[in-house]
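Shared between the two complexes below is chain A, which has chain B as its partner in the first and chain C in the second.
Right, the complex of A and B next:
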């Protein structure tokens, strides 16, 4: 049975080969499975340990350790800084501290003025109107004052819209209206800002000679200007309160002007950090001046009867001058500068009765 | 509202402005005057031409008293003239909507300087009008409306400078249209009458031999 024996041996050989092949295939499949499983497990283990390249890049450019300069062919300040982390700190400070503090300060000043007015009801002219007058401010001073006042009020309104508008106005007027309002405020603010610089320069020139410290000024300050109790302290042409306001306008006005120019003309090499600091100083200075202006407006109108006349007609009542600026009033009286009602009326183009006489036209009855 | 302001109201304002100005000027020219039979001392033409130019400078004896008005007046009028004819948006508007031709507008920095001069000049002039006893006495409602309307027109124009918001542009155009409607019936007409007025005065004075 050689044939059958050969056939059986061949079959056995084939079966052994198939078995080996099967075992090898099975082994390879199992190896592949184990390899895959073990690689996946290894990858899962490394997932929390190896940084994602995107995250790594993001952390690099955030520059948490400070502002790092890269390299770029783009010319310009800060162009080599992709993201300045100080900008985020500034944004947080502006939104969370500066704006609420500004609102609190201005609201507090208004509340204090209202409380003071409720208690004191304004200071009347002692002895009432005398019917005699002193000339206090010429035309040029009053035009200068009201020019600066108009520009300042415009800048204050537009500045406050830019400072707190996103927080306060968007919920009221909506995004699109606020967008237009903010754009208009920005253009107007930038346009009128340089005029304010001219204004404070004019104030400085016109009023500095009367705003140096003089005897009696410290006493005026210690007595609180006589606002709260007692006799009105002695004062010259300007009292100490007015002098403080004058120097505040000049000094803070210069700070606001300088920082405003840094912000408005960002092409003199100032960095973003300097501009952020300028914006903070600009805002703080502006809030101080606006708060001071609230007090100035109150004292000049309802807070002190007769004060407004000095800036509208240019003349003040003699009793008002004796009460608030006694040394100046005494000087004027000594120099024979007291004017009668008719003299003031004539200078104002009015008759002594306070009315302009009707012109008489020849031939008309 | 935008379509109304850009469309019918604009054409109405333009019509009122053109017809009103022509009517006012022609009413002045056709009013006539009594014939002057006196012997003329000088030729009146020379006086007319000279006075048109000499009145640009205040008289020497008056100059110190009207320094504020002179300086502020030039600031305002030159600034407004530059803004009106050389501001880039105005040049584009004139080219595309009025004349069909344009010219080189002034640069941005010049626009800013011109508008600041115009604003400050107008503000000072109006404050002088209100605060000075003489000018206050001779001013009436028309003077204040004209000054305030002009100020508002300039202000809305500058607030719309970014040209990114239709609302701001339309607001400016609306105030311009109000001014155009008001213009012929107000003292703003001096923009057209100051030259014939000076010429008439100069001619009359020259004929009579008055050195003024």
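Right, the complex of A and C next:
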């Protein structure tokens, strides 16, 4: 039957076609699997061996695989380095972190001090002035203190002008005035900076003996110096707060001094990376010290009544000493070092009631 | 509006330093200051490449960001310039710049820095175009005369290109396209690892392996 024959032939043809299709598909799948595997293997073989020369050159220039020094005919610092990778890092730190953080920290400390003063109104001398005095700081210590203080305040102001003046002062005083101010700040900062180093050494020599940790210091710290509780914790010549300030000034001061010297004299072969790192340490250290100085100045003046006398006249009221430095006061009283008003006046070279000043003063050593 | 760009083709630069000399000559750059320099990488070994580098006139210039007196400005042509009357010579731009472009003459005692000096794209400074004050502080202002920076104009191998960024990149793109077979095209080394791709240590293979 032609029809059945046709039908059978057609079925056979279809079967063959299907088989071919199936084989083809299977083959393709297998081939695909195999080629993928072999390609992956080949890629693994090549990985790390063959690099694109253009990419590799650029990676070297960008110093992604370590520091690359080329050669150049042009003399100068880092002139053989094509890309300075630390520059952008320093820029981001300075602009995004250091300047905003410095503003927040210093502004926050000032706000806290103002709030504290509004609540406490300064701690008065317990029992009022006694009319008796103790000799706390000799002339040399006070001269040293005020010298360092003057230099520090000058350096802090000029430094802050360079750090935040662009943000805060240019909108107020304008470009040209600020340009002159910033130029004077930079020159002044560089000129007086080295004197601060001498001051740090002076402070270290004069005050280190009184700033070692003594018994009772940790207790003083745990009680927060008696700032918030009513009872004043026990303390010697310097309390723990003063000792922390001393060591902060010495340690941070040395960091600032060292980095300042690196920045001020740029001809000892220091690279840009070292100078940027120096600027980071210099800035962070300076902000910490300025914040500390805010607290130090407040406590030394309005915060604790009677404190300022120790650094102006050198003499403090006995009641102030008993209140803030009880162990030192007791020691002085035991050694019979309490002075009357006229004795203090004579010691300062002022005559009272026509008395002739005596050259030798009791309690002066 | 044109966006001025430098481009140094490392495949063409032969480290002749003519750009450095041309720059110094065109701008009367002070002693000890080089606005442009040529740096050679892998000097003396196969794969050695040289590049001429100066201020790249960044869109987001780090020097301008860190300057404590805000003395930088960008012109309408995308050239980053600075005002030497405001500059205090602090060196911050030199620390921040990726390319080492800012230079400082030694101005006084103890090696203190003078006003910063850098490539101006031969476009002077804030003073009146081509005035003597401008020339004294910043050198020539070729751009205002319709000319491009002398360094690029004098480059013998046309490695250093300067001008509108679109034009410069078109020129470079065309070069890369036609260069093709020498293994400088991107990905050439991956596609044909046996056929003379250049690696760090120079040519490998050359079809021999």
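The working rule: the second predicted complex is superposed on the first by the 274 of 365 C-alpha atoms of A that agree within 3 Å, B and C clash if a C-alpha of one lies under 4 Å from a C-alpha of the other, contacts with A are read in each partner's own complex, and residues count from 1 in each chain.
Everything that follows uses one rule, which is that contacts are C-beta pairs under 8 Å (C-beta built on N, C-alpha and C of every residue); 3 or more make two chains touch, one makes a residue touch a chain.
All figures in this text were calculated on a predicted structure; none of them were measured in a lab.
By the touch criterion defined above, A:312 reaches chain B but does not reach chain C. Looking at the shared chain after the overlay, A:72 reaches chain C, while chain B stays out of its contact range.
Once chain A of one complex is fitted onto chain A of the other, the partner contacts of A:336 are absent, as it touches neither chain B nor chain C.
In the superposed pair of complexes, A:91 makes contact with chain C only, with no contact to chain B. When the shared chain is aligned, chain C comes close enough to touch A:267, but chain B does not.
In the superposed model, A:195 lies in contact with chain B only, and not with chain C. For chain A, the partner that touches more of its residues is C, with chain B and chain C as the two candidates. In the superposition on chain A, contact is made by A:179 with both chain B and chain C.
When the two complexes are laid over each other on chain A, chain A has residues 179, 183, 186 in contact with both chain B and chain C. Across the interface of their complex, chain A is touched by residues 10, 17, 20, 32, 34, 37-41, 43, 47, 49, 51, 53, 62, 65-71, 85-86, 88-92, 94-100, 103, 110-113, 183-184, 186-190, 193, 197-200, 204 of chain C. Of all residues in chain B, only 68, 112, 115-116, 119-120, 123-124, 127-128, 131-134, 136-137, 155, 158-162, 164-165, 167-168 touch chain A in the complex they form. Chain A contributes residues 46, 49-57, 60-61, 68, 70-74, 76, 78-85, 87-88, 90-91, 94-95, 162-163, 165-166, 170, 175-176, 178-179, 182-183, 186, 190, 263-267, 272, 275-276, 279 to its touches with chain C in the complex.
Within the complex formed with chain B, the chain A residues making contact are 139-140, 142-143, 146-147, 150-151, 177, 179-180, 183-188, 191-192, 194-195, 198, 312, 314, 347-350, 356.
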